[in-house]
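Look at the two complexes coming up: chain A is in both, with chain B in one and chain C in the other.
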Partner chain A sequence: MSVGTERETWVGQAVLRLEDEALLRGEGRFIDDLDPVPNAYHAAILRSPFAHARIRSIDASAALELPGVVGVLTGAEVAAMSHPFPVGVENAPASYCCASELTRYYGEPVALAVARDRYVAEDAVELISVDWEPLAAVVDAVTAAETDALVSDRSFSYGDVDTAFASADVVVADRFRFPRWSCNPLECYGVVADWTGDSLTAWANFQGPFTLHSVAAAALGLPGSKLRLITPPDSGGSFGTKAAVYTYVVLMALASKKLGVPVRWTEDRLEHLAAAGSATARVTDLAAAFAADGELLALRYDVIEDVGAYVRAPEPATLYRMHGSLSGAYRVRNVAVRNRVVVTNRPPTSLNRGFGGPQMYFALERTMEIAAGRLGIDPAELRRRNLVRDFPHRTPSGGLYDSGDYEACLDDALELARYEERRAEQAAAREEGRLVGIGVACVVEPSISNMGYITLAQTSDERTAQLPKSGNAEGATIAINPIGGVTVRISTTPQGQGHRTAAAQVAADALGVAPEQIDVLTDVDTSTSAWTVASGNYSSRFSGVGAGAVHKAATKLATKLRAIAAPQLGAEPDEVELRDGKAWANDESVSLRRLAGAAHWNPDSLPRGVEPGLHETAFDAAPNLEPPDADDRVASSAAHGFLADVAVVEVERDTGAVRVLEYVTVHDAGRLLNPLLVEGQVRGGFAHGAGVALFERIVHDDEGNLLTGTFMDYLCPTAPDLPPLTMGHRETPSPFTTLGSKGLGEGTTMSAPVAIANAVADALGVQALEVPLTPGRVWELLR
Partner chain B sequence: MKPPRFEYARPESLEEAVALLAEGEDAKVLAGGQSLVPALNMRLLRPSLLVDLGRVRGLDRIEARNSSVAVGARVTQRAFAESPLVPPLAAEALPHVGHYVTRNRGTVGGSIAHADAAAELSLCLVVLGGSVVTNRRTIPAEEFFVGHFTTALEPGELVVETLWPRLDGWRFAFEEFAQRRGDYGLSLVAVALRLEDGVVAESRLGLASVTDRPTLVADAEAVESLELWGNLHASPDYLRNLTRILVARAVARAAA
Partner chain C sequence: MTHLELTVNGRRYREEVEPRLLLSDFLRHTLGLTGTHVGCEHGVCGACTVHVDGLATRSCLTLAVQVDGAEVETVEGLTRDGALTALQQAFHEHGALQCGFCTPGMLMAAADLLARGRPTREEIVDMLSGQICRCTGYEPIVRAIEQAAAS
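Now for the complex of A and B:
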């Protein structure tokens, strides 16, 4: 309706966030604000103080004597009451929501106390005594890969990689390490579980994917309809990590079942820093073959992925999310990769913004920078020569890039950064002994994940034996009540991105009303919402299929409204236009409210063939997301944005402090639904990426003890620590999404770590470096 | 992150506060709570009694006294920073003390009594040759700080005020290096100099964070022989380098 008409659309406008007034007034409704069942008791968790230990015995008798304590649940009971979580890798150790005989990471739950309040619950936890037998821990991923901690080992080759390397003029090879880092949303995990009869109702600030609803149900042995999962209207950020809250849904459910009371638990920051889902740590050996003119001929990856103590669903997805994009933004035809997944005595990993992108691009874009030096070609120019130009573009590993103008984005970025001038300034600064560096990164940002890509962890034969998995669908519902109120309900569990605003804009265009006249409900209830396995908030899928579902539902409703209005206006339905809250034809109009009133109060008046009711549900699904083929090719995502970044840094020689003087990021994410929300997403993505570039990492010592257990040692960047950011945008619509839009909230998280690292390497004239580039580390590089 | 059970008292007078402290051997004094409350929540401290100084009269004054400035124990770091009487060295250091919002509640006396080895105010007090006045005695700052989180305070002894010599005619500089604004500094340096005809006649140079308490050293050379422990963020070599650089910067700036 909105596309192709002369009328200006709400989509594309910088509509102010409809969410903000309530949030600014402190009227948001987060998990801790909900009191969904009376008399819920509070849980506290006893966590392992060892990375690897045998639990000889647990004695909870003292805890049970404490006044106010309702009961205790131990790992042994959890093992008896539940099943291991289903997992996509065969050799992985069985994983429950709580350790029973063996604890495999520092911070792993081993028991839980439930009491009248959290204070007493924590007192009770201290009174549970455990007889531990500490065991040797494995923390290093490379070491783990040589042992039975290697749980998956798959090799893939596309094109003729060996021949390409044999014919290369220049081969660049290096090892790149990427650290574990995390999301640290303001609000940590929260769960309320109420087990009654044979069914569970759980409230949790879960973010999807709702595949994990099935995982939780399987662990609890519940048939589908018996696990009702409800998310609160507001979430205090997630950035991926709240996918992992499902293990605590299971834990609290078991406590509620055993003790016969509703149980609530709010994770505190110490728990979060110790044991919440974080990114994988990755070691990548990457070799790249080039012709003398800079043509990238082949890439050969050898990856070791540390997923922590267990392979927790959806892992090892971090490894395969980028599978269709192993060639990055380049036309290279020959790509090989060996993917090894190892378990270590560190907490299980989960989603983190960028999901595999930061790790992969750190290796690829460092390699491009190093190769530029070896080839004697400017790093930006080397990339330009290899950028994908024609669309749609099928990558060697099966990715299908939809659209974009990569070269124009790179040009924009170089212009915004005054690249040539900067190079001259850099030369002058070096004359003065100052360490100035410039780094570039070009990144293809996939969005809307193919639910089937994860099955690449299995062989083609193993996949054939199962139900194929593919696609990525999302649902939405829209309704008009008898007094003309429009309500949209979405299943994308927003965590602060502004889905409410964007969904209202999309529906407003279809119905011809203003966005603020539309109520958008964001709480998901698996018993009443329009959802599917793919639902939720990950892989930047909202602007593609989330908004697409709203558009489709609203269009269905608009079609119906036109059909109802047509006879009243003496027109055909397709002559009726919806605008300004009315249906128009032949210069006559009838208000939406009147149309709705008639539909509800006088269904007898509806034109022949029009079904009563103004309540429509629609699902949108991205095309081309087939299951992996027999040759292990997969279109791992539906849409692909592109971004070109330039970082300019100065390193203080005395202290090793890195100052980012300027950071430019230019995106082509298709049609932008709301530039204001876009800016928020890019700024946030940059902060997350700059965090790991300069500050953030999770550190365990050789015994697996946590060294970054508080915000004193786990350093998140704060606003004053972030460098200035310059943004640019191009809008090449995606032919594969309903509204032409693509995801863009993760791109700068993928690019910033390596762009900044490239700039620091350039400033120092060194090749080997690791993020975060803390002053101490940089100073060591300067020595 | 909930504290274990404790008793709480809010005396109205110093005498009452001291009496309460004498009662509970493991009693803790609550002033701004910016260090104590997190430590309670993390169960790192388990006092049986908290004595809240919030209502004790007379502890929130800043006044000139002889050649010093007397700062009541409960004066907030922000009030100290904004006082016309704030010593220039402390004025330079205060923006590094935590964050704006923590300085609104965090107190001068609390910071001194807490004796974190990386505390800016402790270092300044030592470099200025100040002292700590308790309900029993006056302790020179250099003797007050015994180690990380450890002071010369005895059971039942309470910080009442701190005395900050004005050192008229001296020049000062404070330098700190932290990875982020408001973090505990990896290294802190403060210097006070008195010049005569462009030549240094007297100097007081102090270090913190790299030592277990704010420490006066004779000169820059002393940095070379410091015994240093690395941490997650910095190796001993790096800390020595950093301290060397901060000393050079501070001295140069003070002398300029």
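Now for the complex of A and C:
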């Protein structure tokens, strides 16, 4: 009776997406398409034109006289009406959704105007006059680390790092910078806030509720039950970015509360580029100790993380997300890290695809490539000698790698890339004076975050004074209506990944119906959905606990259906099989519709002990995610996929342009729920990774002024910019997730920046380089 | 206010609009045709692409009053006969959409290209340099348009 043992399952098939039809017809329902409450007024935000300035005074009188304007909300009122956002480190500056006396980044909200439409609201914003006193700005993280802008400084050491370095034959050390960039989903932020009585209802294309529902409620001084947060059915991409919508939920809530009307706001692209959540910029000094045979003996990281003007929850999580994976894909037993968090006069950072992975692997995998050159060992071979081989594998910093065959994946990647031939071709190309390079990266991709890892920003003593945090759980609900229709409701707030389709496949297997017969609701309502503080869309958690919760809820419902069907079929419940929309036993069948009818219309007919109704909720939790221990070890994620990538590039001498000739990526993400969705995630993750390798970064000048304020300056790759991508897969099921599946949406975003950088370094014969490898930068390296 | 008469997806509309109203906002908020999406409002991303008198046009860079007397087609108009077009079906089969936000603009830009004859792969890729997608990495979109071009 268990799923998948006797018949083909829907899980694993490339089922075409159930989401597509409405989206292709222009019938998607995104936040700006909704009028969830009548007569909402439109907000426009006045933003700081300085990276650091004192606000001497604000005069909104002219704005208030404009016809169509309902009112204005200033930062001073925000400060009086709300509390600072709770934050995970102690020395951070107090952070509100709007600046009052001091503005700390270009684009920071300082006031907003509410009017009958957006056009009038923007007119009103132009009529608000501010008396500014510009102040000196700090934009360089290394400089900031020497001042009181250093808000967290923690050091960790696992194994015996000093002894390992002392015994090393070769030590490689360098500084690696990773830029601030943003996934820039094509749909920007959107909020509709309706404050009535003592409670708030807010619609937002948020990707929570996550821990951030609690953060928003705390800022508003509301118990969680009084903050009803609802997400729309469709969301136009996020990649983490939309976690930061919560600050605007608070801002619009306060405007609604003050003015007594529902308030809506849709962010425009200029606002998004200026002030939305982005990835952290990171400076990493990494030293690696090797034996002469290539054995990696020890790693010593010294990291400075620029989180922008405020430490906004869940930061400084970017710094700790990879903590259990500081050793990467390697068996190394001695690892030390110093983590410093600094605030600068740049916008606060947030979730962004890869979340700490691109930053960490850029340092680690550049180091492996540099070390290979120093040791005289082929870069792929050096990695092979150090790859983790036995599972489960406990890393020095506490990570627990669940499963995999890393060496086989690397072999696959080298074969698909024709690595040996490519090396020969490269040598021939060099003879002709062409600059061809090959780069490798091996990456462990964590998924399903331990909600407790962020407490590593505190000391062990500080942690023991608080409620321990651990685990990662998700809920799902499934119901069958009186005429047999199946509805699943999930709380993973998909933003393009196809959760609706995958959830339908999982439920279809349990209930013996086809996926297209199942409706999956993805809009989350914190008053009615099954959710926990972990719920939402981040750390590639859907295929693990999201799908797991659907499986568990559907299995509960299937068990009940068997119990109802059994007496009708003259069988025991465990002899009943659900397939083709019917319950079967003894070659007899009864339809799902009829069983549903009994449960709803005729509860008197149900077997003893079976409750009426067909409505089940279940939660799935990933195991092994304990709170950090007294020695600061943490299993920071539940599942770990693996990628081996090979990039081949050619650099144009005359222009510095980098052309990626081929890119190969081989993944092992456990059991694949739907290969079509998998391909989409790998391609999309690669596009973001290649984007930051070659084009994308957010630039501020020395005074903190934004230089990448439009899509003409912040370059998203378009179709001609991306190289051909060759994908390979292995499937080593995870023993730790309910369906054996692992996350895979972030891996190539972690690997591609460094694989391409390694290839360019190889082509140019240089060691020091930074991404994005724009033609200007590469041309400088060529000189 | 300015008087405006136009045809959208075959239906006649008469409206009074402010001269500064963008075509994208007119379609979305005045007519309720929310299939047309706004991704950047400065003409780079292409999500807002519609057809004006048969020509692919950025509705975020066009004022509503500029299309007085014109025939406008939006994504909603592609399925006037009920069924998905071969282009839409190809997008579905190739996984050419994920979040679906850029999709209406992709479809309208591709439909314009396909109306001009059978494009080569290079021509498809070149056309797509004016349309941003942040989810798919473009290859599935290229394949979908190739399939539609062949059908």
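Please note the rule applied: the second predicted complex is superposed on the first by the 778 of 783 C-alpha atoms of A that agree within 3 Å, B and C clash if a C-alpha of one lies under 4 Å from a C-alpha of the other, contacts with A are read in each partner's own complex, and residues count from 1 in each chain.
Keep in mind that, in the parts below, contacts are C-beta pairs under 8 Å (C-beta built on N, C-alpha and C of every residue); 3 or more make two chains touch, one makes a residue touch a chain.
Keep in mind the model is a prediction, meaning the values are calculated, not measured.
By the document's definition of touching, of the two partners only chain B reaches A:T655; chain C does not. Applying the stated contact rule after C-alpha superposition, one finds that A:T718 touches each of chain B and chain C. When the two structures are aligned on the shared chain, A:G224 is found in touch with neither chain B nor chain C. Legend: residue contacts after superposition of the two complexes on their common chain; A:P775 is shown touching chain B, with no touch to chain C.
Within the superposed three-chain model, A:V699 lies in touch with chain B and out of touch with chain C [touch as defined at top].
Touch criterion met: A:R25 reaches chain C, while chain B stays clear of it. Legend: residue contacts after superposition of the two complexes on their common chain; A:Y119 is shown touching both chain B and chain C.
In the superposed model, A:D268 makes contact with both chain B and chain C.
Counted by residues of chain A touched, the larger count belongs to C, out of chain B and chain C. Overlap of the chain B and chain C interfaces on chain A comprises residues 118-119, 268-270, 710, 712, 718, 720. By the touch criterion stated above, chain A contacts chain C in their complex at residues 16-17, 19-21, 23-28, 30, 32-33, 118-119, 183-188, 234-237, 239, 268-270, 495-498, 676-677, 679-680, 683-684, 686-688, 710-712, 716, 718-720, 722, 724-725.
Put simply, chain A touches chain B in their complex at residues 118-119, 122-123, 126, 268-270, 654-657, 695, 699, 707-708, 710, 712-713, 715, 717-718, 720-721, 774-776, 779-780. Within the complex, the chain C residues that touch chain A are 18, 20-21, 25, 28, 33-42, 44-45, 47, 74-76, 78-79, 84, 88, 91-93, 95, 97-104, 107, 124-126, 128-142. Taken in their complex, chain B has these residues touching chain A: 1-5, 42-43, 177, 179-184, 186, 232-235, 238, 241-242, 245.
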